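Below: a set of structures, written as structure tokens.
After this come two complexes, each holding subunit A, first together with subunit B and then together with subunit C.
Up next, the complex of A and B:
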């Protein structure tokens, strides 16, 4: 008797399984025919990091060159290059600037740093994406919100060098194409 | 002249065989496409999509690839048996189609023992699997062949029992007569003999080596089972035979249980094909729904459940038929 009950239960489970596949069969597809269509729901997608420009100037990043991202990256993917312009650059000030003590106010939520006589100019922001583990510490920790994940889900390359980016150049070229589009 | 020739029994049979072979070739393409699309849709994928409009030419491309491949005979194989096997597998299929009534007059060959003919010739398939497994000198092939024999021998019994119940009831082994006996949906044997239908369909799934009973060619265990060593069209013919046998069992199920060509509005042949392909669709759903059974489970289902139930069903049918008459 027990066996028969169990058999009926198992048979019912087969029908339940068939019901599930039938429902799935009738659902619309969720895959996208890639070369003709691209996915759009990339809100939470983590591509490699990208620089975020100032609101009023798409050519210039919000970056204040504090070096927090380069220091905090566990894989050492990020390296910054910048130089200083200004008259009163004495060694002591230079050191403070390099440490970012005055300028980078932690958790300032992306406020512009206090005005300074010495201006720093970003020459290059290099990302070696080969070693990036997409942990997001740089994005999370950036005091001025100058880093964000890109939404480039179709990134491909044939060599290691294809994944070494100069994010500053990327930002500039992006701004160029954007303004070109706006002009057109 | 040609019409006179077709009117003779021999001419009629030859014409039917040619039509059946053409149908089988086309059917192979349709079923490959159907199977891959069903699989894709169940897994929320589009299935084949790139070759031709909506991937329609994908089976043609597959067939061309198979035809173009080199035929390799493995070292130490018995070449005669090895190459005989695919043909033994495919050749009887055409004969199995002869007694099937596709429409009121669309029967290849009217015969009294049509059902018996189908059962006898489809039994040859097991032989071809054994020859393929034995001839290819491959341990996976041999294991697949051994499984195929045990499975075919076991499942032929409940298949026969369920078919016999219908034959008792109709008093005939002629498929056309059995179909004639089912007029109107309520007199379909599916509703008169539901248990026989369930037994028949499970056994038919096992007889055609379809998942979840695809042990002779279990990919994850035996590489490809009995056809591991076949390349190109050697494999292609096995594949074609498998799909053709699916059509055979579904056509017999349609004739025995679903009223054959019985249906309103459209001509009978369309109803028959629609019912056949509906059953094929169910077989495909089985494949993509159920996991493969273990070998002991396979035999347990047969010997402990299907055969006793089939016997009980047969005895009950015989009793009722005797009492009614």
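Up next, the complex of A and C:
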């Protein structure tokens, strides 16, 4: 008698399962057919970092060349090149910004310092996106808010070089196209 | 060809030192489970000696995904080591985040604002649910049921959407910072989380109806891999594996950190210590996580999400510290020895999966191969965490 009861109970558990799968089968589709439709939750997607321009000058980044980002980056993705104001610029021998661990980072509490205090001119802001783990330490640590995540979630490349960016050149080309559009 | 000569000719060190005992009766077979085996979820390799369908002995072979996380801790500054933590256990990344930042905060005496503590609790518990959901789907998949993993992923996807809003990532989170979290949660986050919890409460009965009550699952789990408490102690097994054997040990309850001592939750335990008990414990833990998140959302205080008076550079004094949190797989511990410089002198990660895995060799002795797969699944192993 006990065995029969057990068997009926076991069979019933399978019917319960089938009932659930049948109900779920009739529910609307929850996946997105990618090429024809795109997902909508990409607002918080993190792409590679990008330079943020000054509010009044889209050609110039807010960067003050403190080197915090290059210094903090766990993978050493970022390198900056600069020259001093009034210095002869030799494209072959641009200085590389390097800070030791004992050098305190000039923090300005999120405000951009007045332009006359900046004695360096940025020549290049190189990002090797191949090694970036998108931790956000550079973006959150930047004292002047000069870095932001880009939102391009469909970035693809065929070679390693496709992910080595000069962010300053990207900023300038972006500003160029924007001002061109504005003029047109 | 003589039996022992042939066995020496094939296989690497791990197989050859596992040669069948020549005095044993009958023919035994050396079999490799993994490193690429669907049930090993990653690159775990288990060498087993089979006598027919039964396992005579087994030995896990580690190191296929060893990434030197502990050594990396010695060559990176305290801040630079943060992204590593999301990659030790990618399923419950936030618990590892927490263990590391907690250890550094304890070492440097950094106070965490109450809002940040609550945000950490909410996100960590959400992450725990998503980790248990993935285990649930994958375990049933190991046992031959394909449907549940799709159900689990549909819900898991919503958790990842919620966490993506604040962390910016979907899997390898790097969200906690020394003295707080990297981004504050907003009203949309709270609304979405509450909606998800309501939705999830309706999903759990479906899961139980579809899987827990199913006679086939019970046949594969009940009285399989019975783990005595004494054996858990011997191997240092923690988390749902230990609680399944009836010991109500939970780091959140017995070494309360953050705000867990102010929140009400039960520590579910099993009775016999078989695979079904470990299954039940994890299912019950998801309910407790829902309870914790609801209480934390209700009690969420206002204020800063990161400590306002943080040092410019994170250079602790000489000293050592150990901080433990409860991860989805058990007790996660981080030990740091500081020599007063910008980089740790030594960093040790205590991963629960490493201890839990080694129970397997003894549990699998004398069981059917198919049951061994069920035992391995019930231990909820994350291979990157074992190797670190």
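In the analysis below, the second predicted complex is superposed on the first by the 112 of 184 C-alpha atoms of A that agree within 3 Å, B and C clash if a C-alpha of one lies under 4 Å from a C-alpha of the other, contacts with A are read in each partner's own complex, and residues count from 1 in each chain.
Definition applied: a contact is a pair of C-beta atoms (placed from the backbone, for glycine too) under 8 Å apart; a residue touches a chain by one contact, two chains touch by 3 or more.
In this text the structure is predicted, and so the values were computed from the model without any measurement.
J.: For A:44 in the superposed arrangement: first (subunit B), second (subunit C), both or neither?
T.: After superposition on chain A, A:44 lies in contact with subunit C alone.
J.: Looking at A:130, would you say it contacts subunit B, subunit C, both, or neither? Reply first, second, both or neither.
T.: neither
J.: Check whether A:173 is in contact with subunit B, with subunit C, with both or with neither, and answer first, second, both or neither.
T.: After superposing on A, A:173 lies clear of both subunit B and subunit C.
J.: According to the stated criteria, A:59 is in contact with first (subunit B), second (subunit C), both, or neither; which is it?
T.: A:59 contacts neither subunit B nor subunit C.
J.: Figure out whether A:72 sits in contact with subunit B (first) or subunit C (second), or with both, or with neither.
T.: In the superposition, A:72 touches subunit C alone.
J.: Determine, under the contact definition given at the top, whether A:153 touches first (subunit B), second (subunit C), both, or neither.
T.: neither
J.: Which of the two, subunit B or subunit C, is in touch with more residues of subunit A?
T.: Counting residues of subunit A touched by each partner, the higher count goes to C.
J.: Which partner chains sit in contact with A:33 here, subunit B, subunit C, both or neither? Use first/second/both/neither.
T.: A:33: touches subunit B, not subunit C.
J.: Applying the touch criterion given at the start, work out whether A:22 contacts subunit B, subunit C, both or neither, answering first, second, both or neither.
T.: A:22: touches subunit B, not subunit C.
J.: Is A:14 in contact with subunit B, with subunit C, with both, or with neither (first, second, both, neither)?
T.: A:14 contacts both subunit B and subunit C.
J.: Across the two complexes, what residues of subunit A are contacted by subunit B and by subunit C?
T.: Comparing the two interfaces on subunit A, one with subunit B and one with subunit C, the shared residues are 14, 17, 20-21, 24, 30.
J.: For subunit A, which residues are in contact with subunit C within the complex?
T.: 9-11, 13-14, 16-17, 19-21, 24, 30, 41, 44-46, 72-74, 101, 104-105, 107, 133-137, 140, 149
J.: Quick check: in the complex, which residue numbers of subunit C touch subunit A?
T.: Residues 76-77, 79-84, 147, 151, 154, 161, 164-166, 168-169, 172, 174, 177, 182, 206, 209-211, 213-216, 312-313, 342.
J.: Touching residues of subunit B toward subunit A in the complex: what are they?
T.: Going through subunit B, the ones touching subunit A are 38, 40-46, 49, 285-286, 288-290, 305.
J.: Over in the complex, which subunit A residues touch subunit B? Could you list them?
T.: So the residues of subunit A in touch with subunit B come to 7, 14, 17-18, 20-22, 24-25, 27, 29-31, 33.
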